[in-house]
Amino acid sequence: MFSELFERTFDNCSALHFPSVREWKLADPGRKVIAYFPVYAPVELIHAAGMLPVGLSGAGDRLDIQHADARFGSFICSIVKTTLEMGLAGHLEPFDGFLFSTICDSARNLCFVMKRNFPQMYVDFLHLPHNPSSPAAAQFLAEEYRRILTELERLGGEVDDGALHRSIALYNGNRALIRELYQLRSRSPQQVPTSELYQLIRLGNFLPVEQHTALLEATLAEFQSRNTKPRDSIRIVVEGSFCEQPPLTLIRLVEDAGCYIVDDDFVIGQSWFESDVPTEGDPLLTLAKSYLDRSVYSSVRHDFRKPRWDGLVDKVRRNQAGAVLFLIAKFCEPAYFDYVPYKQELDRAGIPHLQLEFEEKSFTFDRLRTEIETFVESLVFD
Amino acid sequence: MRIAAGVDVGSTQTKAVIMSDNGGVKIAARALVDTGANVQRAAERAFDACCQEAGVHSGDVGFVVGTGYGRYKIAFGNVQMTEITCHAKGASFLCPGIRTVIDMGGQDSKAISVGPNGEVVDFVMNDKCAAGTGRFLENSAEVMGISLDEVGPLSLKAQHPVKIATVCTVFVESDILSYLAQGKTGEDILGGVHIAIAKRTLSLARRLTIEPEIAMTGGVARNVGMVRALEAVIGRKMLVSPDAQFIGAVGAALFALEKLDQSFESSIWRGEHAAPGGH
Amino acid sequence: MPLLAGIDCGTSFTKAVVLSTDHGQPRVLGKGRTCSGVKVDEAASAALKQALGEAGLDRHLLEYIAATGFGRYGVSFRDIQVTEITAAARGAHFVIPDTTAILDIGGQCTRAIGITDTGRVKIFKSNDKCAAGSGMFIQRAAKYLEVKLEDVGELSLSATHPQPISSVCAVLAESEIINHVSAGITVQDILRGIHESLADRAGALLKRVEMKSELTLIGGVARQAGIARALEDRLKIKVNIPKDCDFICALGAALLGLKRLTGKRSAAESVAREYAN
Amino acid sequence: MKTAMDEKKEYRGSIHQRQKDLMLAWYDQLDQAANSGNPPTVSMMISGNCVELLEGFGAVPLYPEVNALQLAIRHQSLDPILAAEDLGYAADNCAYVKADIGCILKGITPTGAKLPTPTLILCNFVGCNTYLKWFEHLAKLQQAPLYVIDVPFMRADEPSRSDIEYVVKQLQETVKKLEQLSGRKFDYDRFRQAVARSSRTEELWSQIKHLARRSPSPFDAYFDAITLMGPLYVYRARPEGVEFFEAALAELQAKADAHKGVYEQEHFRLVMEGPPPYPYFRAFRDMFAKWQACAVASTYSTVGGLWEFGFRHDPDHPFESVAMHMIAQNVTNRNFLQRYEQIRRYVEEWNADGVIIHFVKSCRLFSAGQGDMRDYFTKQLGIPTLYIESDLEDPRYFAEAQTKNRIDAFFEAMEYSKATASVRSYREGSA
């Protein structure tokens, strides 16, 4: 059965010691692996440098936090701690470098804590512009990409524009497929269970893009061929899990409670461009411009030209969704903040919503289940 | 001969110890009472009981050092000191040569690095979040409807200890209930609870450099299950004095004795610890 | 005349009501209550047996069983399950038809529910971050302060200088109480402080579910500890306390069951009619 | 022996009153702006603020942070915080933001003076992502124009050429924006003058900070420094600012020359990391006063600018130096390891006995990872370090007894090591 296949691949890839990554390296030990912290990462640069970009998305409930608590204390989200813990526990050994970016204050400090604790690694921090309205922003970001590319070249050798264009094209293809899968799910959610789609997308964190693209194609075909009969469910949009990822069980629970998830921002970094990045011209500049003008909204991307809350209401309407479920990682301050304007705009638009908090490592869900079911019951019972 | 006392007014229990010094320093008497709602009374009761057992007049006690949260309420105390300082002192007296003290009380858990003379080198206490303190065990016991003394022994019988998601003292209840609903045995659940707290405590202690000579103190030290669980995660045996719960009071009494001692070292302490309500 | 049961499997108690209709009006025929223990199914049967006994009816007469509460999925013989929040709303609405807000002060979690004029849940907020407002917390405080739970209300009324509890973690709030005690503050002032802080927190929750001028209070501990009074004083609102409010959820479940049952019936009848013609 | 009660703690010279007057005068200007729409006002963040640029318009800065902390010190922060939480803000959102939003919702101001709707909400980002949210939400709430100056974070030891150019360009865009909004022409000379004054003020401030290297230190570089920070951020680029800090330096210099310290006897010298718990400011200070422990340096006092290591604004390169200040010369936009280094220098050059790390749950920029910081100082450098947790604005997160207990224990331990050290030296002396 297809979904079982997923779980096997998924478990294998996301296992603590990154087996798929070790395999890749084993095939040619000269090659380098660069891990990136969610959300927005210029994977094209890493790929063009002949390296494997791997998305770190925490350790779920696979890891007991033994050291990181002492370094990050209370009121800090789980993914920050599990990422450091994986390092201190030696699980990140197959990586040659870490790339962080300006998504939030905790993640930024984590970058430099990692730097101190893993001096032998290449640890870098990417500053993504918060002022897209400035004509200077694109140039700045292009130079920022250049800086990082130079660091990568130091690790792995020369990268030319041709290579960059090829990588951009590859990822364009990958993301186009993801967009298609999302559209299919929105059209007939019964064919595309989110619990499966979610794993499929997350695999993009680990697998080489070529493999992942192939898997996307195969799965898309499989999904299209299904003729599952629709259930009596409400169509919802899930918002807020752009960085730390909810446990698979929680997503299943939402579906079992009678929800069709018709759009979401899970692993948003895998699908962060709304349309293809041009493959001619200065590749770094086009990538930079694409971040400013083509990337999907999220709570960690600031663009006061188009408010995020409009983005959400828009998403709900586009997908004819009946409600919004906020799945917010505990202590995720960007998500906490955005909940307020989101809520205000949803109320104004008369769209019902429910806010729930999760931790990647939690595995008992009675409390959450009660609230989700109540929410559904309040929408179906008259 | 010099007679001095230490009184440790803790959140749930108040402990008093009288120590004498002729020839060697000895514990002459101990007393333990529930703190309850009247701290001052509790301190007096413990102290009087202690004098009685030692067969001395409260007047014969040359110096009294108070410690614990209620220390400022000890009307008859000469000086107050924190239980952290007193624990270090007491532990190195009862378990000579120890360098690391892990103390688990009802509200607080702490780890202390102790110097050769029983001085505090460094210490850490649980965060703003009270997760993993002794109270965690009490709640668990309550949820499962068994007495606190049973939880330790039972936990040792665990075959397949369950995984406890939260170390939040308040919400562990829902974890336990769902495990009970799944039909897990009490032993396995308690096993899981103990391991969870042990790990949490270890990650607290890791903020210090953990030395091989470790002592465990505080009320929870009487819970054999907790001691074993901690030893398992630390990978070392720990010293547990039969007087573990009196250690704060013992430390306080030792400081009191030093006060009476006229030698040069003790002058280190003279008058240094007075606080509002002190002398 | 339909006959059905609602069973509320709570964390500490399991409650059951047997319900029927009388000229179309739902009527409770019997109630039952047992300790939940570990085996949900057994407790559910036991409670149901009691309720049937009180109603003087036989179990095989039951047409429909709706389960709710923490252990709702554990009731093997249920026809449907609903959450205790949905159930509470329906139950409270039935007992106090014009209520718009419900406050449920449970063991560890306080919950505010805003309901429509049909008893549907409109919006709800749980306070699961801060258990310092929960029933368990008051029980502990009472225990520590060496007073009986049922005396808490009276004592707190005789306070002169209430000492608010500021901490938002139940355990740290306990330390706070201990500090108050060791600072020599009277039991009355501490208890009043607890009540006021608790009322304030409940008030914050209730604001978010658009409470108007009244609320319905459910949850056992809350009533004993005289919290209703504290809520009225502090929030300046009317607090309804439904009689035997422990059964509100079981009742609500039964009522929803009735809805489904009658719905099914009419559907079945219409089908039958079609075949008849 | 002395207790906290009879210790004379605060630095209370004549400048203390002048500081009060200056801040009240500032609130009067804001009140006037609220009533008449003049002068133009600009909301800004304290960290790496570019108040010099505003001078080029004769515009007045409006610092939400200052309002928030004033409120907290006056024990009035909880109500607005709750008001914001009613709106849906989480218990774990920055309480500064909640207090500020709550004040606007309820029309509360610290002094009672009216506060204007700003001509421009200028988010000088400098490293704090919460600032972005804060100002975005303010703009939504107040229906005021928002502009973000995106300041590249310090990912290397020095800012790159392109970092500086990027910020300079945005500063010039800001000028255009303000010209449209305020209807005033940007006065370049006035701007240069302001920059020149700032560099003078900064010189004086830096000298004051270096006075704390004396033993005893004439002022507390945490608790007293905070009193001096208000004028530094509002008046740095104005004549009043220069005068104020000339007076301050003179007074403290005199005190230092007379070997007068904060306490009759300076027992401990500390470096403080992290913002103070404003709702318990006095209580917190007393916990250190009891032990005659004086802060000789603090990272918090460098939020607005880091000048004691030599940086000054430069009238010959006004825009570049403003950009430099925003990027590299304030603690919030410097990376975490640079903060370790800053504290290490304080310990050595200001010759401190220990470090106090105050974790505030509101501010992840300051606090996330401070456990690692403690690890570095205790294990790698062997410096006595105390780690305590509370909050800078939310009174609900300050556990007085527990905090006091930890602080007392810390000093009891430090005292023993000091005393034994003195015993040893005495023995060695007598032997």
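Read from first to last, the chains carry the letters A, B, C and D; within each, the first residue is number 1.
Quick note on the criterion: contacts are C-beta pairs under 8 Å (C-beta built on N, C-alpha and C of every residue); 3 or more make two chains touch, one makes a residue touch a chain.
Please read all numbers here as calculations on a predicted model, not as lab measurements.
Asks: Stepping chain to touching chain, what's the minimum from chain B to chain D?
Replies: Minimal hop count between chain B and chain D: 1.
Asks: Please identify which chain has its centre, taken as the mean of its CA atoms, farthest from the centre of chain B.
Replies: The most distant chain relative to chain B turns out to be A.
Asks: Looking only at C-beta pairs that count as contacts, which pair of chains has more of them, A-B or B-C?
Replies: Top pair by contacting C-beta pairs is B-C.
Asks: What is the distance, in whole Å, between the centres of chain C and chain D, each centre taken as the mean of its C-alpha atoms?
Replies: 49
Asks: Round to the nearest whole Å and give the separation of the Cα centres of chain B and chain C.
Replies: Here chain B and chain C have centroids separated by 40 Å.
Asks: What is the distance, in whole Å, between the centres of chain A and chain D, each centre taken as the mean of its C-alpha atoms?
Replies: 36
Asks: Give me the residue numbers in chain C that touch at least two other chains, ranges are fine.
Replies: If we look for residues of chain C contacting two or more partner chains, we find 70, 128, 172, 175, 179, 182.
Asks: Which positions in chain D are in touch with at least two other chains?
Replies: 88, 361, 371, 375, 387, 389, 397, 399, 401-402
Asks: Of all the residues in chain B, which ones touch at least 2 other chains?
Replies: 69, 127-129, 174, 177, 207 - these are the residues of chain B that touch more than one other chain.
Asks: Think of each chain as a node with edges to the chains it touches; is that a line, ring, star, complete or other?
Replies: Shape = complete; every chain linked to every other.
Asks: Going by the contact rule set out above, which residues of chain D touch chain C in the complex?
Replies: Residue positions touching the partner: 82, 85-86, 88, 91, 395-402.
Asks: Which chain B residues qualify as touching chain C in the complex?
Replies: 9, 11, 35-40, 69-70, 72-73, 107, 128-130, 133, 135, 169-171, 173-174, 177, 180-181, 183
Asks: Touching residues of chain B toward chain A in the complex: what are they?
Replies: Result: residues 127-129, 163, 165-166, 174-175, 177-178, 199-200, 202-204, 206-207 of chain B touch chain A.
Asks: Mind pulling up the chain A residues that touch chain C in the complex?
Replies: Those in contact with chain C are residues 366-367, 370-371, 373-374, 377-378, 381-382.
Asks: Would you tell me which residues of chain A are touching chain B in their complex?
Replies: 61, 64-67, 69-70, 73-75, 361-364, 366-367
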